[in-house]
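Down below are the structures I want you to see.
There are two complexes below, and they share subunit A, which is joined by subunit B in the first and by subunit C in the second.
Moving on to the complex of A and B:
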């Protein structure tokens, strides 16, 4: 694997994560707990889909098909997204915990990539940094609010955190040629990113009255990066591409 | 109460059907939000400019109110800063006392255009823009 292939692998997993979680979170549109939250959560979902488009455009510049084709014509086994993002929305506590765990990893990923030696990626990362920063503020405020809320809200958040934890560790599934990216200063690598992520979220969760599962139970759920997905992804893709499948030229 | 009250809503939108929303009849969801309050939102478009009132958000505390204010009022506007203030902190005049404002339109003498200085301004304009020692 050369550095272009390694770079493509990085861009695909980032773009696919954004697209799939963006689509999942958009499932709350019209169903959010209150109007203001519905608008905020939908708007962030839209941000993520917009970010994925920019990343697919970078892939397009590297010789891959255009963004719509890549987003709408692949099957589940061609997606590089983590298994965390394809899980159904569950109840709101799960969607918030996923938003918290995923978005902090994304925030730190973009933060590291702002100084990437691959200039187009560094530029995109700088451009989106403010957006993703807001997403983490939103996530952290909610987790804090509900983690420190009443007995019921605390319990739901803790249960969702316990359930999501090993999936979240799966975000950091090592890539096949990460050493090339690290050597060429394109990306810091998943292991370093995971350590930054743990250092960031553990104190925040503690402040929110929540505890991460004990380390001897950690079992990262991998597979997503190599196209091995749960039964949840293909139905999502079918729903997402329903209009495109009927009329690929449809616009609105 | 509706006969279907215990059935989940079925919709052509698969998200709605999946959400298994019960038709709950007469209970108001607002009861669950009694601990929420409204916040007045003030928007500043650049540093140094005045914050202008743009509307309200409904939120349980100031932190959440700021999050929502950003999405409701700063999503499509150039924004430098936002303030939120609990609506309960606002003191207002009574509409029944609005007669205290009734003579305002008559007080034309408060309009700068009516000041005597206008004579001197006109005199200045007549002289043109030439510099002069005496104005």
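Moving on to the complex of A and C:
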């Protein structure tokens, strides 16, 4: 694998993560438990889908198909998103915990990528970093409030955290060419990112009265990065592309 | 001779489609103007990556400059080379935002925190006695607040 292929692999997994979590977030539109949360998840969906488009545009500049084609014409086994993001929205505690775990990983990913040697990626990362700050502030506020809330809210948050944990570790599935990305200063690599993530979220979860599963039970759920997905992704793609598929040549 | 200042003045006629009191110049998104004889190339930087008005604003720039018969070929590109932050909004821009009924963003040097959002002055009565209700509002660039002084809900232009 050369450095361009390694870079494409990195861009694909980031863009696909953004698109799929963006779609899941949008499923709260009209259904949020309170109006402000309805708006929050809808806004975050818009941010993430917008960010995915810019990442697909970077891939386009590297010779891949255009953003719409890439986003709307692939099957599940061609997606590089982590399994965490394709899981159904579940109950609100799960969506919040996923939002917390995923968005802190993104926040730290884009923070690191601001100094990527691949300048176009560094530029968009600076932009995304400022936007995702709002997502992590939102996630942390709610995780804190509900983790330290009453017995029921605490229990739901803890159960969702337990369920989501190994999926979240799957975000950091090592790519086929981590060493190239690291050696060429394109990216710090998944392992370093995971360590930064753990250092960041563990104290925050503790403050929220939540406990991460004990380390001997950690079993990262991999596969997403190589196109091996759960039964949840294909139906999501079918719903997402329903309108596009009616007439792929339509001009919007 | 066509100068950069001349084009900048022209672009003050192009307003943000979501906040029509502010021009794209005062919003701080015009990050480059290149002039080659009468041809003009304008570079814009996105406010938010997911802003749906992005392409619309590109078209508005082309359409507006095309109405000026002193100018030749007009082209526009969007580039992330300059990262937009709300600190790029001009003082005139702050006035224009307030005129639209939104609280202008605090200067923040990209140091965003809940505290900055909490300390948003009411755009109606200027009171500091306000509460932030949600960092997300009806568009990506707005947050929701309540003024405890004049008992009025209001929106803020989100600092980024």
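Going forward, the second predicted complex is superposed on the first by the 248 of 252 C-alpha atoms of A that agree within 3 Å, B and C clash if a C-alpha of one lies under 4 Å from a C-alpha of the other, contacts with A are read in each partner's own complex, and residues count from 1 in each chain.
The rule we apply is simple: a contact is a pair of C-beta atoms (placed from the backbone, for glycine too) under 8 Å apart; a residue touches a chain by one contact, two chains touch by 3 or more.
Remember, predicted model here, so these are calculated numbers, not experimental data.
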Joint occupancy of subunit A by subunit B and subunit C, clash or fit: clash
Touched partner set for A:239, first subunit B, second subunit C, both or neither: first
Partner, of subunit C and subunit B, that touches more residues belonging to subunit A: C
Which of subunit B and subunit C A:173 touches, first, second, both or neither: neither
Which superposed partner A:39 touches (first subunit B, second subunit C, both, neither): both
Touching partner for A:86 - first (subunit B), second (subunit C), both, neither: neither
Partner chain in contact with A:141 - subunit B first, subunit C second, else both or neither: both
Which superposed partner A:17 touches (first subunit B, second subunit C, both, neither): neither
Touched partner set for A:51, first subunit B, second subunit C, both or neither: second
Subunit B versus subunit C as contact partner of A:133, first or second or both or neither: second
When the two complexes are fitted on chain A, the stretch of subunit B hitting subunit C, from 9-17, 27-35 or 45-53: 45-53
Overlapping contact positions on subunit A, where the subunit C interface meets the subunit B interface: 36, 39-40, 43, 134, 137-138, 141
In the complex, subunit A residues that touch subunit C: 36, 39-40, 42-44, 46-51, 53-54, 120, 123-124, 126-128, 130-131, 133-134, 137-138, 141
Complex contacts: residues of subunit B adjacent to subunit A: 14-16, 18-19, 21, 33, 36, 57-61, 63-64, 67-68, 70-72, 75
Residues of subunit C that touch subunit A when the two form their complex: 46, 48-52, 79-81, 83-85, 110, 112-114, 133-138, 140, 144, 158, 160
Of subunit A, residues touching subunit B in the complex: 27, 29-31, 34-37, 39-40, 43, 88, 134, 137-138, 141-142, 145, 239
